[in-house]
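All remarks here apply to the structure that follows.
A, B and C label the chains in the order they appear, each numbered from 1.
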Amino acid sequence: MTEHPSGDLCLEQLSKKFESFTAVNSLDLTIPEGSFFALLGPSGCGKTTTLRMIAGLEDPTSGTIRIGDVDITHVKAHRRNVNTVFQSYALFPHMKILDNVAFGLKRRGDKDAMRKAQEALDLVELGHTAKKKPNQLSGGMQQRVALARAIVNRPNVLLLDEPLGALDLKLRRQMQIELKRIQSEVGITFVHVTHDQEEAMTMADTVAVMNAGNLEQVGPPADLYDHPASTFVANFLGQSNLLTSRVTGLGGDGLATADCHGHEIQVAAEHIPTGVRDVFVGVRPEKLRLDRSGRNHLDGTVTDASFAGVATQYLVRLPWGHEVTVVQPNDGSPRARVGESVDVSWEPGSEFVLDASQDQDAGMFDTGLRDA
Amino acid sequence: MPSVGAALGGGGATAAPAQRPRRNWVPYALLLPGLLWLALFYATPMVTLGSQSLQEGNVYDGFVFTGNLSVYPQALSEYWPQLLRSLGYAATATFFGLLLAYPLAYFMAQKAGRWKNIMLILVIAPFFTSFLIRTLAWRIILSDGGVVSDFFERTGLINLLEWLTLTTGGTLLNSKFAVMAGLTYNFLPFMILPLYAALERLDPRYMEAARDLYASGWQTFRHVIWPLSLPGVVAGTLLTFIPATGDYINSRLLGNTQTVMIGQVIDSLFLRVLDYPQAAALSFILLIMIVTLVALYVRRAGTEELV
Amino acid sequence: MTWIKRHLLAFAALAVLAYLLIPNLVVAIFSFNDPRGRYNYEWNEFSAAAWLNPCGSPGLCEALGLSLRIGFIAAFVATVLGTLVAFALGRHRFRGRSGTNLLIFMPMATPEVVMGSSLLTLFVMAGIPSGAVNITIAHIMFCLSFVVVAVKARVSSLDPRLEEAAADLGANPFQTFLRVTLPLAAPGIAAGALLAFSLSFDDYIITNFNASPSSITFPMYVWGAAQRGTPVEIFVVGTVMFLIALTVVVIGQMLSSRRDRKA
């Protein structure tokens, strides 16, 4: 360990090509020191390859990786002050839990390795398992050991490769909270790779959405959700109703009018991308209401209703055949029935507007490619 | 013989992880000593064997390379009965080996539960004890007046064996029967272990699914168990057939002059008659025959993962 | 009747197991025989004489000693060379893989009599006299492939992520190999070494082609004895070998099942 750089993690023009396939295409990204950063995308989008390049397990085809001012692009994995929590944990099956956790410290000749390892185990509340072997532990416990094994080294950056993928839903929720707690306690930069948009949004300060080797959008989860920059982000991050429309003119009070299949609707003028007239007006399902209380309204017929406890999700067919999803909280208001004619309304400004020259369905379906 | 190579390498070639592509000298350094050894002491001897077969002379005055190929037709015309007999005995031993090994391997892999490890030990342990001594034990087991010979006589099975010309003179020893029984016995562990390895990987839910989809016990075996165990069957039959063809310990210790196998001929031509060219030619013929059969078999069986 | 039918497979399995084990039992019983003639093929009367003096048969213990020496050397060298090859095949991508596989596979597809006789022609042409060195060289050659197969099976089933995890945690390539790869591959290497030793110790055919009158191994001794008479002492050695093998295999099984349970 020759250097201990600290500072922001910067990826510049980072690319990785496997023969003819470009896994990561000229990525520029700055991850602030001490932040919890999520790299989100479907299988095969290049997020794991990016992670492996940061870890030093994969050589970039071009570009640089820096931590602060130090270029670590060509530093070997074992000389980088970066640690990884592997997807299937990769705990050494022939070593006791404590030896697993102390492994990295011992490689650096830390005299106090065992005590620090025990402390790290205590931090993840597994101090009592020190003498056990990995396969005597449950999946959730192994996950925490893998975390302890990584953070005990006090890396500048901790990489988490789908760390919760193998856990059941309830355990995932617990571990998400646990990971956030640990991150705020140790203050290390966490880079979390996941394909689960909900996980990325609940945990990270900043989310970067990747698609087919390219960066789609970076920002705080709420920004990404409320103002997706592309149909891919709109569809991949939660559900979106995209209404094909044409901007027809500017109104007063910062609103613009648009024509949506012969219906006039209003949108916030600031949401319209500059110089674009053919647009998708996007409205999230929970922002639609099944009444006329919003200033924009359309009529439709309920084609499906699924009750999900806290809310009910409806599919409503609009006059031109397009179906929109509406989510209504079960707050005591009357529920619509299938076949019923309803009004669908929303408030101008709660929408986002995207250039209609994109694929409307991007990000809707998993591409089916394996993550490279 | 690309298929032979593929037979061995299939697993490795696909499983080879994409690692450290830059430091390319490492695998070659790892391979060098082992491959050098095989090149020197496996491949080179094949060349000298071929060369020896084309020489003329004798051990006292020395041999001269003449390139006379006529030794091959000569050797073939003189020893084809022993060659064919060796293949026949080996094939029989392989067939019965498979017949015996399959139920044991299947039982161990799928049904034995906590007895599995003990049974595995009992299969492996005899394999680690002297082949020759165990073969001698068969002389005791099959000897006249023993339990086995008694049983064959009482049940009249001996008459069946006589009628099949597997035994002569009412005794079990020094017969085709004894040689084939010995061969079957001696190479049985080589059949059981690959079969066991293949059957152990078999998820019992496949069998349950087959039964659920109305397959009878036999149909389940025929359409599910057997196809999935084929890699083990191919490996086991090869590991039995190849050594059994060249073996002459069984035919020498348990047989008679009518059961001489090709290995015995090569041994005595080399070490007693000292007719090196003829012996080398026969040895070479045996090698070519086996390799051809193995290559055809592996291709036919269409299995990629053998070893 | 249905009970029998239900347990038919178990009966068949046990019968085959008996077929495998009866010769060993017979050898054990006849090691306590006091044969009437030179051949120990018929039961005469109980005697522990051979057990009390296993070296009583002239030359037997010398042959045994030679076989053990050759077995250890051959197993050691074949294990080292074979393990290296197995690591190359299981852990690296390189040109010439199929050629390598072919060269590894061929000794296993070649009858012993062909390998033994071809080596004899090599040594004859090189003017090297037969003897224990030639035998050892031959044994290393044919054991090597089996070691490669045993170790490769283990190495290619190892999760490559474990090695990446080691590198990620600051272990250099040498430390990764020593602390992670090697311990995980150890069971395969041990199995390969054991197999190599037993193959070498038990080999008669290849050995016979390359031996001299001063290099009589144990199997050659047994073979020679079988021509003139079978001393009870070789049955004693056979029984002891079986017991040792049983112990080794039991220990191996216990180790591996403990690993399965705990590690």
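One rule holds in what follows: contacts are C-beta pairs under 8 Å (C-beta built on N, C-alpha and C of every residue); 3 or more make two chains touch, one makes a residue touch a chain.
Only a predicted model underlies this, so the values are computations on that prediction, with no experimental measurement involved.
A.B. asks: Applying the touch definition from the top, give me the chains sitting in contact with each of subunit B and subunit C.
C.D. replies: Touching subunit B and subunit C alike: no chains returned.
A.B. asks: Going by the contact definition above, tell me which chain pair has the most C-beta pairs touching.
C.D. replies: After counting contacts between each pair of chains, the winner is B-C.
A.B. asks: Which chain lies the greatest distance away from subunit C when centres are computed from Cα atoms alone?
C.D. replies: A
A.B. asks: So, what's the distance in Å between the C-alpha centres of subunit C and subunit B?
C.D. replies: Subunit B and subunit C have C-alpha centres separated by 16 Å.
A.B. asks: Where the CA atoms of subunit A average out and where those of subunit B average out, how many Å apart are those spots?
C.D. replies: Centre separation, subunit A to subunit B: 58 Å.
A.B. asks: How big is the gap, in whole Å, between where the Cα atoms of subunit A centre and where those of subunit C centre?
C.D. replies: Centres of subunit A and subunit C (C-alpha means) sit 56 Å apart.
A.B. asks: Subunit C touches which residues of subunit B in the complex?
C.D. replies: Touching subunit C from subunit B are residues 1-2, 4-9, 11-13, 15-21, 24, 26-28, 30-31, 33-35, 37-39, 41-46, 48-49, 51-52, 100-101, 103-104, 106-108, 111-112, 117, 119-134, 136-141, 143, 185, 188-189, 238-239, 242-243, 245-249, 253, 262-263, 266-267, 270-271, 276, 279-280, 283-284, 286-287, 290-291, 294, 306-307.
A.B. asks: Within their complex, state which residues of subunit C touch subunit B.
C.D. replies: It is residues 9-10, 12-13, 16-17, 19-24, 26-27, 30, 40-42, 80-82, 84-85, 87-94, 97-115, 117-122, 124-125, 137-138, 140-141, 144-145, 148-149, 152, 156, 160, 163, 194, 198, 201-202, 204-205, 208-209, 218-219, 222-223, 226, 230, 234-235, 237-238, 241-242, 245-246, 248-250, 253, 257 of subunit C that touch subunit B.
A.B. asks: Under the definition above, what is the set of subunit A residues touching subunit C in their complex?
C.D. replies: 1, 55-57, 76-79, 82-84, 86-88, 90-94, 103-104, 107-108, 133-136, 149-150, 153
A.B. asks: Considering only the defined contacts, which subunit C positions touch subunit A in the complex?
C.D. replies: That would be residues 159, 161-162, 164-173, 175-176, 179-180, 183-184, 259, 262-263 of subunit C.
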